[in-house]
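Once you scroll down, you'll see the structures, which are given as structure tokens.
In what follows, chain A forms one complex with chain B and a second complex with chain C.
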Partner chain A sequence: MRTTVLRSVQIAMTALIVLGLVCHVQAGETYKLALSLAITGPTSDAGNPYAKGVEDYFKYVNEEKILGDDTIDCTIRDDQYKTDVTKRNFEEFLDMDIVFYLNYSTGSTLALKKDFEEEQMPTIPASFHAGNLVDSNYIFLPIASYSAQAIGLAEYVVKNHQGDTPKVAMFIHPSAFGRGPVEDVEKAIAAGLKMEIVEVVEHGKDLDNTAMLKRLMSKGVQYVICHTVQSPVATVLKDSSRLGLTAKSFGEKEKLTFLGAHYTGGNDLIALAGPASENFFWTTSYTLTSEPGPGTDFQLALAKRFGRDDKAANSHNYTNGIMVAQVATEAIRRAKARGAKVTKESLYEELLMMNGDKAFKLDTTVGPVTYSKTDKMGVDTLQLYSVTSGVFRAVDKPFSPEFVGKI
Partner chain B sequence: MTYFLQLVVSGVVVGSIYALSALGFVLIYKSSRVLNIAHGQIIASGAFITYALKVFLGVPIVLSFLLSLVITFFLAMSVERIFLRRLIGEPIISVIMVTIGLMSIIDGLIYLTPFGTENFSFPRFLPQTPLSLGGVSISWTQLVGVLITAALIGGFSYFFKKSTLGISMRAVSDDQLASMSIGISVPKVFGLAWAAAGLSAAAAGGIIGNITGLNFDTLHAFGITVFPVVILGGLDSILGAVVAGIIMGLIQQFASGYLDGNFGLNGTADVLPYVILLIILLFKPHGLFGIHEIERV
Partner chain C sequence: MAANRWLATGNYFTSYQEEQRIFFTHLDRSVFMVFIALLFLWPYFFTLSNKYMLVIDNILIAMVAILGLNLVTGFAGLISIGHAAFVGVGAYTVASFARVLGDSHVVVTHFWPLLILLAGCTGAVFGAIVGLPALRLKHLYLAIATLSFQMIFTWTINFMRFFDQGQTISVGRVFWFFGKVARKQHYLFWYYVALILVIGIGLMIRNLMRTKYGRCLVAVRDNDRAADAMGMHPGLTKVYAFAVGGFIAGVAGALHAYLYRGVGIESFSLHESITYLAMAIVGGLGTLHGAFWGPVAIKMLDLQVEHLAEVAGEMLPANMNLATALRPLTFGLVIVLFLMFEPRGIANWWRIVRSYTKLWPFRY
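On to the complex of A and B.
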């Protein structure tokens, strides 16, 4: 009797193990990816919706079986915008055998650049700093660099300014992130862009920008190109509005027209600056929910599906997160399609092949993602938006800054 | 001349807000000789409480602001009661380390709420058209900020000079043992100092939040931004905080207005206050109005 029971248990256990193995084979591969970013701490107002975008899109991929039976397991960790924590996270991710890495800040991307090279890890950061690409093979910017954005804004100023050479001030974040594009705009001017940079202002934690604004006016400045985060821009816009210095239309004489790169704008700027944000011109490569289309419909549906609130659903940084997850997923899908094993090496190759007729066209950006050995800037196209009646509206068609190729 | 006057007005506005932000440091130091490193977090908490009362609970803005002062008053008092009361008599560095821990705890708690990672803005409740006189303008937000600052600083000055409790607090600051010997409750005074600092921080948070918008990083950074003001004025002087605040505000505006962008200079508005601070401290190491204690051996 006892022998019979033991045998039955033995058979049952063997069956369970076999069943488990079969299920495992049927469940397909799991590809490990990782993201380290500021979910709390400085810039977490951008990092938080970004993380949600990445998380939601990979959940969607797994649930909708976009990769068949294969799944993506993306570990997301908070680094509080601290480079040492990012480095520790990255080292732990390596122990997990990740095949693709998503990074965040300019500082940590520059600091870990050598690690990405040594590990040969394809990496997409949330920082669009052009310097990330210097002496680097494995970093891929998702969209046009900050430099390209600033040059794009400068070109728009030059094309639409009436009168003599336009006088411009640059209002920047006091960091590598902020300073990066200044030199490239100066190079564009040296290459023939007819514009004068009168002053470069590195802001502090200013409660009142009266002195700065009056000074710029006294020097004949008519345009202010901002490259920082939303909060200081909001304070400047409010002060300018209070002093009656803000242009009512683009390039209004003896007034200031404000323009800004990706991280200066979005719905948060409108929330912070209120009516003072009217006529603020902003550029990014992402589509916005205030200009509905297939990409934004998908974004809103995704946010609804995973229970995100309206604020996250309409954030351009949520779009940003979705987009980098789309690129990583597409690289995996293409590697699988050509029968390659999904590894960091094969995904790197896939990214390099993402050009020409293999460019990745997606609806969350205003242009296709193109990468090659010599082009690590994903979406080259920019869209200009301006605040009209409290929302960002598209201005003209998407464009590619001409002087980016000349500097 | 109009330009100069505009810079003066802007400098006084900014300086007043610095003074109010610095007041919390002074109140705690004045009674307990402790530097509260978590002051910036309390400033941010005050702003968020006002916003939550107004937007989430629909309380009128003025009442929200007043309630936030009351709530922060009791919150700060509770913090002192729970975390710091046990450290009376322990080395000051231990107490400061506790305030550093407190900073991390408040950070963590705020990050659990949307206020930690999102931007908010107070609903507009003041006229948007600025007040202008002879080409010099000031926004209603700034004007109300200056008036609230003046009222609070005046109130605290009166309290310390005329009320029994205020005089008790000064006595504790001067000599804890002697104060106890005449029946003053030192723990009660410490609790009250923290509560008053909480109240002033909440007021500062409300005003700053109304100017910059509600961003946690921006708000809690003011705890550090006003540190030169506290040192320059003298750690234990309310008058010092006011004078130093306004000096710093004016220096920043004049530096920005006359130096930055000229003579190849940039960023002097951020650096010059520290340079002036160092120079003044060379001659007055206890700050402009700080008490120079003499120990006779």
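On to the complex of A and C.
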């Protein structure tokens, strides 16, 4: 009797162990990724939907078994737009043995650049600052840099302006983030772009821009290229509209045509500026839900699936978050496909191979993601949009700024 | 003098020198020595993750900075709203060397103790310059003068290309006798450096307050006209208070630069100055202990509110943005509550605990 009981226990335990092992094999691997960004504090209006985009896409990957039995575990931490908190978060992530890192602000990306190098950590920030790529091997911009965007807008002005050399003012954020592209646009002018920068305005927290706008008019300025965040642009647009200075069509004489780079636009600008945002020209590499297509259909379905509100679902920063998550997932998928172990080293290699035939084509952007040792800007093409009847509509086809390669 | 130097339960001073002793009893000295030994030894028994070592290092650096602020505002009674700028002067002294020579130049990586000292001296020079208005101004007017230094500092760094317009200037890893301080040892190494400096500067201030120069600070704070009548020079005393405070702040800035291996303007903003002032108030102005309690309380509160904001951010609707407001609200509330109910700060709780244990088991 006793022997029978013992044998039964032995059989049961062996079965449990075998079952445990089988389950372990079937459960697949979990790849740890991490994102530190401003969910609260400054710029959280952009960080919040961005975080949701990343979170939702990775949930989708796990639920739909895009990576087979393997799953992605992405820890998302709020850094309140503070570099020291980002640094602390990054240290925590390293202790968790992450294989891929998603960062957010320009300041923290620059501050942690050395850490990314030392740790050989492939990193995609939400900042498109060209300076992120200087002396760096492991930072990959998701789309064209702010400089490329500003040059792209300048090229559009030159191509579509009628008359003599167009006179342009640049309305920028009073920081390195704002100033960076000015230098590159000036280099593009030196390289042959026929445009004159009449004035560079570093905005403050002014609630009225009448004097500034009148001054620009007196100097014969016809175009204002903005590179800042949405609220100061909204203030300028409203003031310009109130003074009757805004052009009704692109390049209207003796009026001002406003154009802006990625973080100046989006639905938030329309909400802030209202009807004054009409005819505002904006460039980004992302598809927008106001121009339906397969990418935006997927975005809206994803937002619906995970119960996101309309604001988040239609935000270009939600698209931004989805897109970086798509790139990270694709790198993991490709590493697995070639039989490599998924590590930060193999993912870095996969990103570097993402070019030519292996460029990553996705629907959330207007062009493919291409990376190589010498090209760390993901989507090189830009799409120009303009506000028409309260929504952003595509203007012409996606384009690649020519002068980016000449400076 | 008490008959028993181990268990004195009251004030039995028979000379001024006795009253000025650093440790009143042998027990005080022994407890202090054991406490210091524990601070040095605990990392050998408990391993903390880099994240929490960074938090502790940060607290120690804040302690150094608050020791300087406490000297200016607490002991000398001169309100300084630009303390982060003085810390920034120290940090940017190191950053300047990194910018000119390269972040991995031998001067930056091997002679870092000298650079920390130099950063302190630069802080002292700026402190003395900013302190000059104290010859003519006091109270709110002087506070505005320090505020303007904060503004000028931020503006200068943000606009000068030499300082990379406020973007992070990187600083290389330092070397010690065992070679390069690698990532694994980085936070522990700077823990010991910061700890030694906290203890050293703490003892320095304790000793300063026993000298005539220290007593001058308190005299000028309490009544500068009376101090003048007693033969002290209130103006020079204020300038030297700013210089010493600037020196200590400069040292804290250099530590910050080396700990984070980079210097960016956002760590030295007006907001940081206000945070330093809050640390000094919560800790207890005009007390040495306050400089230790304040940073611990505020940094730990910050960490907890951060977790709370994260949870709140997930639970509350994003458009309410309450989580964003949680941190400044809590921060402001803590300062107001301390000013209302415990203006002498946490140091006063420490004093009460000490008095109680000193008299125990007697009630008086």
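Definition applied: the second predicted complex is superposed on the first by the 387 of 407 C-alpha atoms of A that agree within 3 Å, B and C clash if a C-alpha of one lies under 4 Å from a C-alpha of the other, contacts with A are read in each partner's own complex, and residues count from 1 in each chain.
The criterion applied here is as follows: contacts are C-beta pairs under 8 Å (C-beta built on N, C-alpha and C of every residue); 3 or more make two chains touch, one makes a residue touch a chain.
Since the model is a prediction, treat every value here as computed from it, not as a measurement.
Placing chain B and chain C on a common chain A by superposition gives a clash between them. In the superposition on chain A, A:A273 makes contact with chain B only, while chain C stays out of contact range. In the superposition on chain A, contact of A:V85 is made with chain C only, not with chain B.
Using the contact criterion defined above for the overlaid structures, shared-chain residue A:A176 touches chain C, although it does not reach chain B.
After overlaying the two complexes on the shared chain, residue contacts for A:R77 are found with chain C alone; chain B is out of touch. In the superposition on chain A, A:E118 contacts chain C only, with no contact to chain B. In the superposed pair of complexes, A:M217 makes contact with neither chain B nor chain C.
Once chain A of one complex is fitted onto chain A of the other, the partner contacts of A:L110 are limited to chain C, with no touch recorded for chain B. In the superposed pair of complexes, A:K205 makes contact with chain B only, with no contact to chain C.
When the two complexes are overlaid on their common chain A, residue A:K311 makes contact with chain B and with chain C alike.
After superposition on chain A, the stretch of chain B that runs into chain C among 96-104, 168-176, 186-194 or 222-230 is 96-104. When the two complexes are laid over each other on chain A, chain A has residues 39-41, 44, 48, 174, 311 in contact with both chain B and chain C.
Here chain B touches chain A in the complex through residues 3, 6-7, 10, 13-14, 17, 107, 111, 116-121, 124, 128, 130, 137, 139, 142, 208, 211-213, 215, 217-218, 221-222, 225, 252-254, 256-257, 260-261, 266-267, 269-270, going by the rule given at the top. Per the touch definition, chain A reaches chain C in the complex via residues 39-41, 44, 48, 77-78, 80, 82-85, 87-89, 91-92, 94-95, 106-107, 110-111, 113-115, 118-119, 131, 174-176, 179, 311-312. Contact residues of chain A toward chain B in the complex are 39-45, 47-48, 174, 198-202, 204-208, 210-212, 214-216, 218-219, 230-231, 234-235, 238, 242-244, 268, 271-275, 311.
Interface residues of chain C facing chain A in the complex, by the touch rule stated above, are 49-51, 54-55, 58, 158, 164-168, 170, 183, 260-262, 264, 266-267, 306, 309-310, 313, 318-319, 321, 323-324, 326-327.
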